[in-house]
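Residue numbering begins at 1 within each chain, and the chains themselves are lettered A, B, C, D, E and F in the order written.
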Amino acid sequence: MLPLSPFPWQERPAGSSELLWRCTANPLTGHRPIPGVLGIYNSAVVPWQGAYVGVFRGDRTDGMPTLFRGESPDGLRWTFSPEPLALAGADAAIGIHEYAYDPRVVPLEGENRYLICWCNGYHGPTIGLAETRDFRTFTPLENAFLPYNRNGVLFPRKIRGRYAMLSRPSDTGHTPFGDIFYSESPDLTYWGRHRHVMSKGPTWWQGLKIGPGPVPMETPEGWLMIYHGVCNTCNGFVYRMGVALLDLDEPWKVIARGAGAIFGPEAPYEITGMVPNVTFPCAVLRDPAGSDRIAVYYGAADTHIALAFGHLDELVAYAKATSV
Amino acid sequence: MLPLSPFPWQERPAGSSELLWRCTANPLTGHRPIPGVLGIYNSAVVPWQGAYVGVFRGDRTDGMPTLFRGESPDGLRWTFSPEPLALAGADAAIGIHEYAYDPRVVPLEGENRYLICWCNGYHGPTIGLAETRDFRTFTPLENAFLPYNRNGVLFPRKIRGRYAMLSRPSDTGHTPFGDIFYSESPDLTYWGRHRHVMSKGPTWWQGLKIGPGPVPMETPEGWLMIYHGVCNTCNGFVYRMGVALLDLDEPWKVIARGAGAIFGPEAPYEITGMVPNVTFPCAVLRDPAGSDRIAVYYGAADTHIALAFGHLDELVAYAKATSV
Amino acid sequence: MLPLSPFPWQERPAGSSELLWRCTANPLTGHRPIPGVLGIYNSAVVPWQGAYVGVFRGDRTDGMPTLFRGESPDGLRWTFSPEPLALAGADAAIGIHEYAYDPRVVPLEGENRYLICWCNGYHGPTIGLAETRDFRTFTPLENAFLPYNRNGVLFPRKIRGRYAMLSRPSDTGHTPFGDIFYSESPDLTYWGRHRHVMSKGPTWWQGLKIGPGPVPMETPEGWLMIYHGVCNTCNGFVYRMGVALLDLDEPWKVIARGAGAIFGPEAPYEITGMVPNVTFPCAVLRDPAGSDRIAVYYGAADTHIALAFGHLDELVAYAKATSV
Amino acid sequence: MLPLSPFPWQERPAGSSELLWRCTANPLTGHRPIPGVLGIYNSAVVPWQGAYVGVFRGDRTDGMPTLFRGESPDGLRWTFSPEPLALAGADAAIGIHEYAYDPRVVPLEGENRYLICWCNGYHGPTIGLAETRDFRTFTPLENAFLPYNRNGVLFPRKIRGRYAMLSRPSDTGHTPFGDIFYSESPDLTYWGRHRHVMSKGPTWWQGLKIGPGPVPMETPEGWLMIYHGVCNTCNGFVYRMGVALLDLDEPWKVIARGAGAIFGPEAPYEITGMVPNVTFPCAVLRDPAGSDRIAVYYGAADTHIALAFGHLDELVAYAKATSV
Amino acid sequence: MLPLSPFPWQERPAGSSELLWRCTANPLTGHRPIPGVLGIYNSAVVPWQGAYVGVFRGDRTDGMPTLFRGESPDGLRWTFSPEPLALAGADAAIGIHEYAYDPRVVPLEGENRYLICWCNGYHGPTIGLAETRDFRTFTPLENAFLPYNRNGVLFPRKIRGRYAMLSRPSDTGHTPFGDIFYSESPDLTYWGRHRHVMSKGPTWWQGLKIGPGPVPMETPEGWLMIYHGVCNTCNGFVYRMGVALLDLDEPWKVIARGAGAIFGPEAPYEITGMVPNVTFPCAVLRDPAGSDRIAVYYGAADTHIALAFGHLDELVAYAKATSV
Amino acid sequence: MLPLSPFPWQERPAGSSELLWRCTANPLTGHRPIPGVLGIYNSAVVPWQGAYVGVFRGDRTDGMPTLFRGESPDGLRWTFSPEPLALAGADAAIGIHEYAYDPRVVPLEGENRYLICWCNGYHGPTIGLAETRDFRTFTPLENAFLPYNRNGVLFPRKIRGRYAMLSRPSDTGHTPFGDIFYSESPDLTYWGRHRHVMSKGPTWWQGLKIGPGPVPMETPEGWLMIYHGVCNTCNGFVYRMGVALLDLDEPWKVIARGAGAIFGPEAPYEITGMVPNVTFPCAVLRDPAGSDRIAVYYGAADTHIALAFGHLDELVAYAKATSV
C-alpha cells in the first residue's frame, strides 16, 4: 500500500459517541462542480503515487450519469477531468455505451492492476468491469452478470483461488427490494457459484433494500463490509449505512451484522440536494500507518462528495456486539 | 389540573395573524438526542407534579420506533430515559412486543391514573393501551382494536358512562387513505358502538388522509379536536394540522370543521429532516390559570420535538367561522 | 339440532381420493336466479323446521351486493325472497344502509336465536351483526368492529363465557393481504381481547390472503375451521379452501393446519362466471344422524351456489397429518 | 411593447458559465405572502402601463390552488390582491368553479386584449381561458379542451390565421407521463388540428414527463420555447427547465432541442419548501430595449416566486448546438 | 332510412323478462374469422343498399387492432375484406398510421355521407374521424381531440347547428377511470364547448369507468344512449351495458339514467375468450318498419361479434323508472 | 437421435392455414392428474429408448410448483412418478430446496448426458441446472445466474466451444417486463459474455414481455427459436407463441423475427383453467425420419399438457417473410 502521508485524518469530536463522524470540510463538492455537470458525488477513491485518484459518478446536465476521473493531493480537494471516462469496448455489450454510475475501484492484491466496477447500462442496469494500470488507460472487460444488477463490489484479492464479487440483483428501475449476493470467477469473464449473503431487514432502517458499499476490508475476524440500507417512511426513503462481518474464506457466510445504522442523513447537505436523505458509501481508505483509522467516502443527497471518519476496530466490535 | 406555573408561554408575534405560532426555542430536540436514538419527536406531554412528563416516539438507530419517557422542568428542556419504556404484557398480544409509536397520554378525569395509547405492532399496527399512576410503572391493557389502526386518542373523561376513543383505521403500511372514527368501551377492554366521525377531504390540504391528534379539549361549545391532514403534491406529501368541533355528548357528530390548515411545515426544521414536510401534533397543554392559552407539541420532520402556541377560543371560532 | 332427514347426501365417487367432492346437482343456481338479480352465490344455510333456510349474497342488476332470504325443502332446490333482507337500524351505523355481502348464520347454542354476520358497508367494509328467532324478523345489532374488516364468523357457542368471532381485517378495496384474527365479547356489542390466529401462507395456494369460511365445527380434537386461501398467478387469482384445527378453549391457538388446498376451482361453473376461479365456502351442514358427513355450501365464480360433500373426520385427520 | 425601464436586469455573475442565473433578490416571496394563503409561486407576469402586472398561482390555507392578481413597480416587489381572481362564467363549464393553477398570460399581437390560460378544474384538469383588457375585468371563455390537460400556453400571435396553443395532455392526478402537443383554433372556442410536438426524454433529466412553460418567444430562427422536464430519482422527482426551437409557421416541428437542462433546483429555496426540488417556469420578459436579455419567472418548491436572467440568443444557440 | 326487410328480428324468449335478449345465432363469428386475424368483434353496422355494411375492429395476428370492412345480406352472416381499411392521410397526424379500434359509423342526417369515428393511435389514443359516401372510399379527417381519448361517438344529426360528439377522455393505457363528455364542432375539424355528461358510478356495475356505446337514438323523450360500464371484482373486471336518456337539445343534460346494467357477460362466448367477461356495444339498428325494435351489436370477450334484441320504448321506460 | 417411430403425428386439418394445429387428443392431461397434484402442464419431453420421457411442472395441492418425471409410450399417454424429482445438492444454493418450475431438457450433442434447466427458487427465481444420463439419477449443478431469472434454455450443442443458454432476467414476482438474453459458459459452472438477443415488442401480442421456449432447433438458416410473448388487455394477459431465427454462430444476432403470434389460446382448455389464456411452449420434438415435422408441447391454462403440430420449414419461412 502506498504512503498516505498527506491524508487529513480527523479525530472523533469531543463528546461524540458516533461510530463515524463527518469531516469538517464537508461537503467536498457542491452543485455544478465542473461545467456541464450537475453534481459529482458517489466516489471510488484510492491512494495513488503519494496522492489520491478516483473514479466518480457525475450527472451531466442532460441528467445522464457517467464516470469521471478525479485526482487530489490530499483526498479533500479534487480536480476532475472535464470529459467522462471513455470506456468503449469493441462490442456494444461491454464498456460504457449508455449510462454508468456508482463506481468502485479496487487494487487487486498481487496484481499490478486496478479493477473498476460500476452499474452499466446494457439493456438495463448490470455490472460493468474495467481494468487500469495507470489511471490513464482503462480497458473494459465483459459485464459480470446478466441484467438487472447494481452495486457490484470486488473483493481486493482472490478468495480460494477465484475473483469474488458482491452485488445486488435488482430490476429495471428504482427497485424497491434488494439483497446482497456473492459470486466468483476464475477469470473475471465467467461468473458463477452464486451465494446469497444477506437480505433486507431484519431491522427497520434496512427494511426496504440493501446493497454492498465500499470494497470490503480484511480483518483478522473477517471481511468488514460497509453497506447501504434503505427504509420507507411516511414521505420518502432514507439511505443509511450499516456494517457486517463476513467469513474470510466463505464470505457469503455472515459472522455478524450490526443491528443499527452507523451513519445516516442529518447534515444539511445530506437531507437536501438533488435527492434528499441519501448517504451512499462507495469507498473507504485505511490508514497506511497501521492504525485502524478509516475514512469513508459517500455521496450526499446525490449532489455532494462527503467524507466521514471512524475506526475499523470499532466497526468490527459494533457488528459483533449488536449482531442480529 | 396541576399548577403549570413554570410554563414559558409566548405571545403571538407582532404582525402575525396566524392561529398557531412557533415557539422561539424550536426545535426543542435534534438528531441523536440520546445515544442510540436517531430522533425523538412525536410527543405526549402532561403536567406532572409541578413540572412536565411525557411519553415520546423515538426511533432507535436500528430504525425501530419505540416509546421513551421524558421529563422537563419547563416543557422545553427535556431529559429522556436512556431505555425505552418497558410495556411487556404476560401475553404477546398486549404491551410492546414489536414496534410502538405516536403515543398520546391522558389523565382520566376522576380517576387517579393516566392512560397511554399508541400505535402498537401486533401482526400489523393497532392501538395499544397502558395505564400508569406514577409514570414509573406502566401496566399494559388489551389492545383496543383489531389491526389495522393508527392514532388512537382517548377522551379525557367518560362520555355517557363509557370510555371513548378516536382512531384512524388503516392498513398494513403507509396507508394512503384514512378517516376518523369514534368507539366506546365500558371497561377499556371491550370496544364497540363504532361511529364514523369525519372523512378525508373536503378541502385539498386534507385530501389524502386525516387522523386524530392530541387529546380533545372540552369547551362549552364542544370538543375541540386538533387533527392532522395530509395532501399529495407533485413530489411528496405534506402533513398539516386542522381543527374540528365535536358534539359534547355524541362526539361523532361534527359541529364545525375548519376549512383550512391551521399549521403546516414552513420552518427549516419542519421541511427537512428524516421525513420532510411533516408537522404532526400529539399533545396539547392548556393554561391552568384559566386563560384560553394552549401549547401544541408536534413532531417536526420526524426528527424534532417542536412547540406552537395559540388560543383555544380562536380555534373554536375558526372552526365555526370556516366550517366546511 | 333439527332433523335433517331430507338432505340428499352423496357418497364419494368411485376412484376419487378427494377430501371434498362435488354434488352432482351443481351448480344449484345460475345467472339471473330471480328478477333483478345477477346471481345468488355465497350462502349461509341452516336446517330449520325440518327443511332448510338461508341467507345469501345476491348481486342486484345495479351490481350492489345485498342479502336475500332463501328456503329449500332439501337443501338443493332454493326459493328466494324477491326482496333483499330489510335490516335497517334506527341509526345509520347499524344494519344495512349500503352494501352487504358474504353472510354467515349460526344458531347460538343454548339460546333461542340465530345470529347473522356479514360484510357491512359503513364507511368501508366492516362486520354487521343481526339476530333472528324466526327467519322472518331480523334485528340488527351494532357492527362488531371498526372498518376495515371482512369475513366475520361467529362460533356456535360462547367460549369461556364470551361470544367469539373470527374475522379478517382488511382495507378499503379488494385487499391483497389478509390474516385471520379472533375477538371476543361479553354482550355482542363490545369486542376485545383480539388475538392473531394465523397468517397467509406458508404454502403457495394461500400465499396472498386467507379468511375464515363457515362456522367452525366443534370436534373432540378442536374446532375444525374451513377457510379460504388465495394465491396470485401470472394471470389472476385463485380462491381455494383449506382446513385448520383450533384449540377448543383458546381458539386463537392453531393445533394443526393442513398444508394443501382441500378444494379449488376445476368445474366449468367454478373457472368461469362473473369472477373466474373462485370457490368460496360460507356454510357447512353436519349430518344430524351422528355420522361425520358434512356438506359445504360455496359460492362458485361469484355466480352460482354449489355444494360439496366430505367427512369431518377426514378433514381433521388431514389437518393433523399435513400440518405446516 | 411597453417601456420596461424600471426592470432590474442583472448581469451574469463573474465566473459563471450558466445559461440562466438567479436574481440576487430571490426568493421574491415566501411562506404566507398574504393572509389566508400558503404560498404564491407559479407566475404569469407581463409589463403593463409602465410597471408590471401578473396572474399567479396561490394555494389557499385550505390547500386549494387558485389565481391571484399581483402588481409590481419593478417586477421584484409584488403586491397581491387579497381575493382570488373571480372568473365565474354563466355556466359551470367555464370559468373557475373549482381549482385553478399554473396560469400563463399573453398579450395578443394586434389585438387589444390579454389572454389568460390556466389549468382549470372541470371534472378533472383542463385548460381554462379568459380575456382581459385592463387586468380589472376578466371574461372567461370556453375551456379549450376536454380533460385531462395541463399547461396550456398560447402563442403571442395567430399562426397561419389561427390561434395556437401548446399543452400537455395528462390524466386525473399527478400524471407520471406527458408530451407536448400543438392545437389551433379559428375563434378561441373550437380547437383542432392537433399535432404532437415532442415527447418526454430522450435525455435523462426529462425522462418522466415534459410540459410547455412560458409563452414562446419569437426569434428569426423559430419560436424559442422554455419548457419543464421531470426525472425520477431514487427518492422523488426533480423539475428542471429546457429549451427547444420550434418552426415559425408550423410550430409542431421541432428545429432543435437542447440536450441538457438549462436550470434546476439548487438554491435552498428551490430544494426545500412545500414541494422540494421544483423549478417551474411560467413567464418570461424580454428586454424592450431590443437587447436579447430575458428574465424568467419560475415557481420554486411550490412556495416562492423566483427570477432568473439570461440571453435569448444563447438559449437559441444552445438548443441548436446540443440538439438531440 | 333504408329498408331493412331482411333483418332477422327475434322475439323475447318466453319466460324472459330481460330488456335485451341474445340472438340465437350467437356468436356470429369466432376465433380466426379470416386469415391473419385473431378475432373480429367490436362492430359498427349500418343498413346499406338493402343489405348491411359495417366497420369492425379486428386484431391481426401480430396483435395490432385495426379496422376491417364487412358486408352481410342479413346482418348475421358477415364477409370481411381481407385487408384492413386504408385510411392514410397526407399527414401522419390524421388517418390510421398506428393502431385503430372500436369504430362507430353514423349516417349524417341530411348529408349524403357516413362518418366513422374510432380510437386512433396518434402518440396515444385519440378519436379518429373519416367520411365515406360509398363504403369503398374513405377520407380521413382531422382527429377530433388531443390524446388521450377513447370511444368517440357522433350524434346522427347536428344539434343546434353543430356536429356533436360524446367521448371518454382517458390516459395512455387501460385507464381505470372514465366519464362521458360532450363536445361540439361547426365543421368537424375544430371542437369545443366541452361539457361533462355523466360520471362513473353511482351504481356498482359501473363503478370503475363508463364510456359511450352505439350512436344515440333519438326519441321524443330524448336521446337514448346505450353505454358500457365497468366494475372491479375480486378477480378482474366486468364490462356491461346501461342506458341513459339525454336532453334532445342539450345532450349533456341527463334526463334519466337507469340504475342497473341491462346486459352483461353470461353466455360462454362472453365469459371466456381473448378477454373474459366483456360485452361491449358499438352499434344499434332500429326497425325501419317503425316499430321500436332494436338490435344491438356488441363485442363478446374481445373475440366474437354478437347480437342482442330489445325494444327501444322499454329502454326509455327503464331509464326513467330506475333513474339514479 | 433415437427412433421416434411410435409418435402419432397428425396432419394439418383440411382448410386450415395455421402454422401450428392442435392435436386431436388435447388436452393430454387435466385437473388432478395424480394424487396430491393440482395439474401437470409445462413439459420438457425428449425421445428416450424408443419411447418418451419428460420432466414436467406440476403444482402440488399446497400450490408449490415442482418437477415430476413422466414417461410415455407414444408421447400422448403419460405416466407420472408419484413423487417430485429429488434434486437436493449438498449445499442449499444448488438443487431444489424451494420451488421449481418450467423445466427444459436437452440432450447435449456429443455428450452422453441430458441437461435439465428450470426456474429454481433460491432467494428468488433463478436458473437451476442438473444432469442425468438415465433419467433415474439427476445430479444438480450450480445455478447458472444470480437471481432474478426465468426461462433458462440451453442450446443442444456447444457454440464456438462453449455451452450456451438463453434466459429472461426478471424480478421477484410476476414480472411485467422481460427480454431474451444469451450467455455462455466453458464449464456449466461459470457464465459470462452476456448478450442481449431481443426485446419485448415491437408487435402488440408480445408487448408486455417475452421469454425463450423450447430448446432452439438447428436449421441451415439459423436456430429456430419458438418463444412466448405476452400482451396486456383491458382485462388480463394473454400468453402466445412466436418464432425467431438466430444466427448459428452468434445466436444473439436475430436474423428474422416473425411479426405475428403463431399460436395462442383459443380452445376451451386454453382459455379457462387455473390460469386463463395461457399457451406456454416448453419442448419440441422433431421427426426423426428427416421430415420437417415438429410437435410442440405446451402448457395450457397452467392446467393441462397439450400438443400442437407444425412444419419447421414453414416456421423458418414465416419468420423470414414477416420479420419485424
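Basically, a residue touches a chain if its C-beta (ideal position, glycine included) is under 8 Å from a C-beta of that chain, and two chains touch if they have at least 3 such contacts.
Fair warning: this is a prediction, and the values are worked out from it, not measured in the lab.
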Treat each pair of touching chains as one step and give the shortest count from chain C to chain D. 2
Count of contact steps on the shortest path from chain E to chain F: 1
For the two copies chain E and chain C, is the contact made of the same residues on each side, with over half of the numbers shared, or of different residues? different
Based on mean C-alpha positions, I'd like to know which chain lies farthest from chain D. C
For chain B and chain E, let me know how many angstrom lie between their CA-based centres, rounded off. 55
Separation of mean Cα positions, chain B and chain A [Å, integer]: 41
Multi-chain contacts in chain E, i.e. residues touching at least two other chains, fall at 236, 272, 276-277
Linking chains that touch, what shape results: line, ring, star, complete or other? other
Which of the chains touch, listed as pairs? A-B, A-D, A-F, B-C, B-D, C-E, C-F, D-E, E-F
Interfacial residue positions of chain A with respect to chain D in the complex: 31-32, 35-36, 38, 59-65, 99, 173-174, 236-237, 239, 272-278, 302
Contacting residues of chain A [partner chain F, same complex]: 93, 122-124, 126, 142-149, 167, 169-172, 175, 177, 179, 181, 183-187, 189-196, 199
Contact footprint of chain D on chain B as seen in their complex: 17-18, 203-207, 231-236, 238, 259-262, 264-266, 268, 271-272, 276-277, 322, 324
